[in-house]
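Read through the structures below before going on.
In the two assemblies presented below, chain A is common to both, partnered first by chain B and then by chain C.
Take a look at the complex of A and B:
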């Protein structure tokens, strides 16, 4: 694969990540459902366009704008988005109107804005970009699918790709996840999710966009090495696939300075991570992030954003640490994520 | 009629999600499209559905909309004459 670099990053999340990328200042989420911290959308989006945009679209446009600005890029060669549930707020709204109005009096706005590719489309409209534009919808692999396509496009000769992930909290959709116990019970998770020992996750929303480029710049955050995705992966073969993934890229476990895990406090599924923590990663610095970002289908984008910040700034905030091991300088980071034992991904990044 | 005009302004603001606009900001004679409130073709569809749903008025000829939706005054006058509920 051709060398590629992360030259710009943008993040909207449950934290003040648009104005403060210092993760050590972030609060541990204790509510079972936490909405994103709203940036001043008018700083990024024309007022005439804002009024029809739902939260997910606005978050996506803002994260993409920040990433593009950091990369000093005006027009990318492609816009590639990932989303697990798309614009669920407008989908909820449109479906509710169908029921409430007995399938009559349906208005166009919510329908137009309810499609999964609305975010990518609005980003393109804002940039006046007619290039390749695609949205991947694949549960907890949506973000990684977008990343994989971006990597392939660079290997085929593209120079700059804007890619990212976004998911928003729709009230009705979230209530369904609550009903099937995917959301933790109880109003407040006092000590955060990491010691909760209960089933389910705390839900949130966010958007993370990145510029992947074929050239290194003064502002480059990291060198992107590779990503691998598995829809189904038996627990007893995760380690084997991980070693295989590293080997294909000429890495060994001992080369990994930091592993970023998608631990989300779900007692039924965090064992998948702890098995690796106690075996192959026993001597590796381990960190996690979902106690700060919450869970959503593209939350691994927050993990990727965290990795980019660590590699560039060479600082690992204490509030991310899962063990006492410290590896400085941080050269190689592996991100491992899965959701409810499905949709596993390995992502490898190095310092520039 | 004045109550209907106030009602229409409130519905337009709510249904079209006109952020930062108050009922008092819309004059009865202001153009709803173009240089006035700046509504567009998608908003026109929303207004057509609103007439049907809330006032029982079906616009059979879309060209009528251009005249009816010119301002709050023209909308209120048309609704007063044609509403069925």
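Take a look at the complex of A and C:
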């Protein structure tokens, strides 16, 4: 594989991540459902467009423009998006009208904007970018699928790829997942999810976009090593797959300075992480982030964004730490994510 | 030099047949699958025509041996029927004998169940099993589990070009040596959601669609699923596999013009076709047949015709849109047309474009209207979608 680098990053989330990347200042989410903090959209999008775009599209466009500005990139060689649930807000809106009005009095706007590829399309439209454009929609592997394609593109000879993930909270869709207890019930404890000991996750939304390039720059955040996805894995083979993934890339567990886990406070599934914390990652510094980002299908993008910040600034925010081990300088970071015991992924990054 | 990525199996279900053979027979006997809708109780049923698969969900459930407690959307049922045919056709005995992936595509996903139980989900618990069938990744996961594919599994949604991009990613993964074998395709069922969506855009035809006709009246929606098995050269050699054809060219470009409409000069489509020819390393005059996107909407056929003129000039190859048989099957369209392109290569046959009378004056392209026997080496297939997504695939003879 060709060497590639993360040269720009952009993040819209439940935190003030568009104006302040000092993760240490972020608050622990305490609500069952938390909407993203609205950036000043006018700084990024033409006013006439702001009203028409749904939250997901706006978040995606903002995160993409921040990443591209950082990378000083005007026209990417590809725009690759991931979204687990797509444009839920417009999809919910159109669906409700069909049901409530018995298929009458419908207008096309919500339908037009309901397709899963709307974010990638709007980013392309804004840039007038004719390049390769694709959207991955595989639940909690959507962001990683986009990353994997971006890496493949670089290996095929492309220079600068814009890739990222976005998911928005649609009221109806969220209420469905609430109904089957994927969303935590009742009051979430003051300290957030990590010791809640209850089932379900706290839901949120966000967009994280990145520029993957074939060249290192003064602004490079990290060297991107590899990503692998596993749709279903029996719990007893996770470690074996991990070792295999690392060895393909000439790494060993002991090379990993920090592991970033997708721990989301769901008592039914966090055991998958804690088993690894107590075994294979026993001597590794462990951190997590979903108590700050909330859970959404592409929330691992927030974890990836966190990793980029850590590698560049060589600073690990205290509010992320899961154990006492400190490994400085941080050379290699592994991100491990899964959702409800499916959609496992390993992502490997190094400092530049 | 390699001819491309080998195709070793295919499976399909559409309104013109539940198997590859049934589809082929319908194509050469000029038998379309366009009818009035029966399975969905929509208020539009008397003023639209659709490409509906007439097998019921219950029949599929029995055929697949699923328990009554299953939570399959119709999209997942269609997907599983066709993927099993593809795997059998490829003669795969042990799914994990080599590194195998699955890439599927959908746009409707489990919307058929969500729209049906929209409010009742909150009152009764029995249908809540369908909630996890709503997201786009669900059908893919179901068929992956059925086939025993655990690792590389993903889903693509770029509206009506979705499964073209699944085929393209699969071919790229094989070429990059990341997979030895990959099953690629897509599925979409009919739903009130898409019927009403296209209805509000006023592009649904009340009659059988007429691709590339000057007096075309819009599209027929359809439902379908299809999958191809792609294998690396080494894998083909090792297992002495019969090759059905090759994926020799592919490209994806964006029109970057409008969220739903295609640009007048077909910029994205032109780029996609040009780039695909370059990947296949052949010139435009080596294309023997174009299986067009040809939805029969005013906008698409005008824009696609312009783009074809830009790429092929005065000598446009034999061309047809098989959507006149199947309707527009959205995310599945590209892969069902991939199956038709391979059938065309295998049988040295160009399938006709039904319901055509008069060429569009501006571009003057006359599609093939009768079954045409001729040797084919390279077939080009277009698929375009909302969001400016334009994809072109080129299939070559084994």
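Side notes on the structure shown:
Just so we're on the same page, the second predicted complex is superposed on the first by the 350 of 352 C-alpha atoms of A that agree within 3 Å, B and C clash if a C-alpha of one lies under 4 Å from a C-alpha of the other, contacts with A are read in each partner's own complex, and residues count from 1 in each chain.
The criterion applied here is as follows: contacts are C-beta pairs under 8 Å (C-beta built on N, C-alpha and C of every residue); 3 or more make two chains touch, one makes a residue touch a chain.
All values derive from a computational prediction rather than experimental measurement.
After superposition onto chain A, partners chain B and chain C are found to sit side by side with no clash.
By the touch criterion defined above, A:108 reaches both chain B and chain C. Applying the stated contact rule after C-alpha superposition, one finds that A:121 touches chain C and leaves chain B untouched. Within the superposed three-chain model, A:152 lies in touch with chain C and out of touch with chain B [touch as defined at top].
Measured by the number of chain A residues touched, the leading partner among chain B and chain C is C.
Once chain A of one complex is fitted onto chain A of the other, the partner contacts of A:48 are limited to chain B, with no touch recorded for chain C.
Of the two partner chains placed by the overlay, neither chain B nor chain C lies in contact with A:329. Figure legend note: chain B and chain C, brought together by superposition on chain A, show a least Cα distance of 8 Å. Where the contact sets of chain A with chain B and with chain C meet, they give residues 104, 106-108, 112. By the touch criterion given at the top, residues 47-48, 50-52, 101, 104-109, 112 of chain A touch chain B in their complex. Across the interface of their complex, chain A is touched by residues 42-44, 106-107, 111, 114-115, 118-119, 121-122, 128, 131-132, 134-138, 140-141, 144-145, 149-159, 165, 169, 172-173, 176, 178, 192-193, 196-197, 199-201, 252-260, 267-268, 271, 385-389 of chain C.
Here chain B touches chain A in the complex through residues 15-20, 38, 42, 45-46, 49, 52-53, going by the rule given at the top. On chain A, the positions that touch chain C within their shared complex are 79, 84-86, 94-96, 98-99, 102-104, 106-108, 111-118, 120-122, 124-125, 127-139, 141-142, 145, 149, 152, 155-156, 173, 175-177, 179-180, 228-233, 297, 342.
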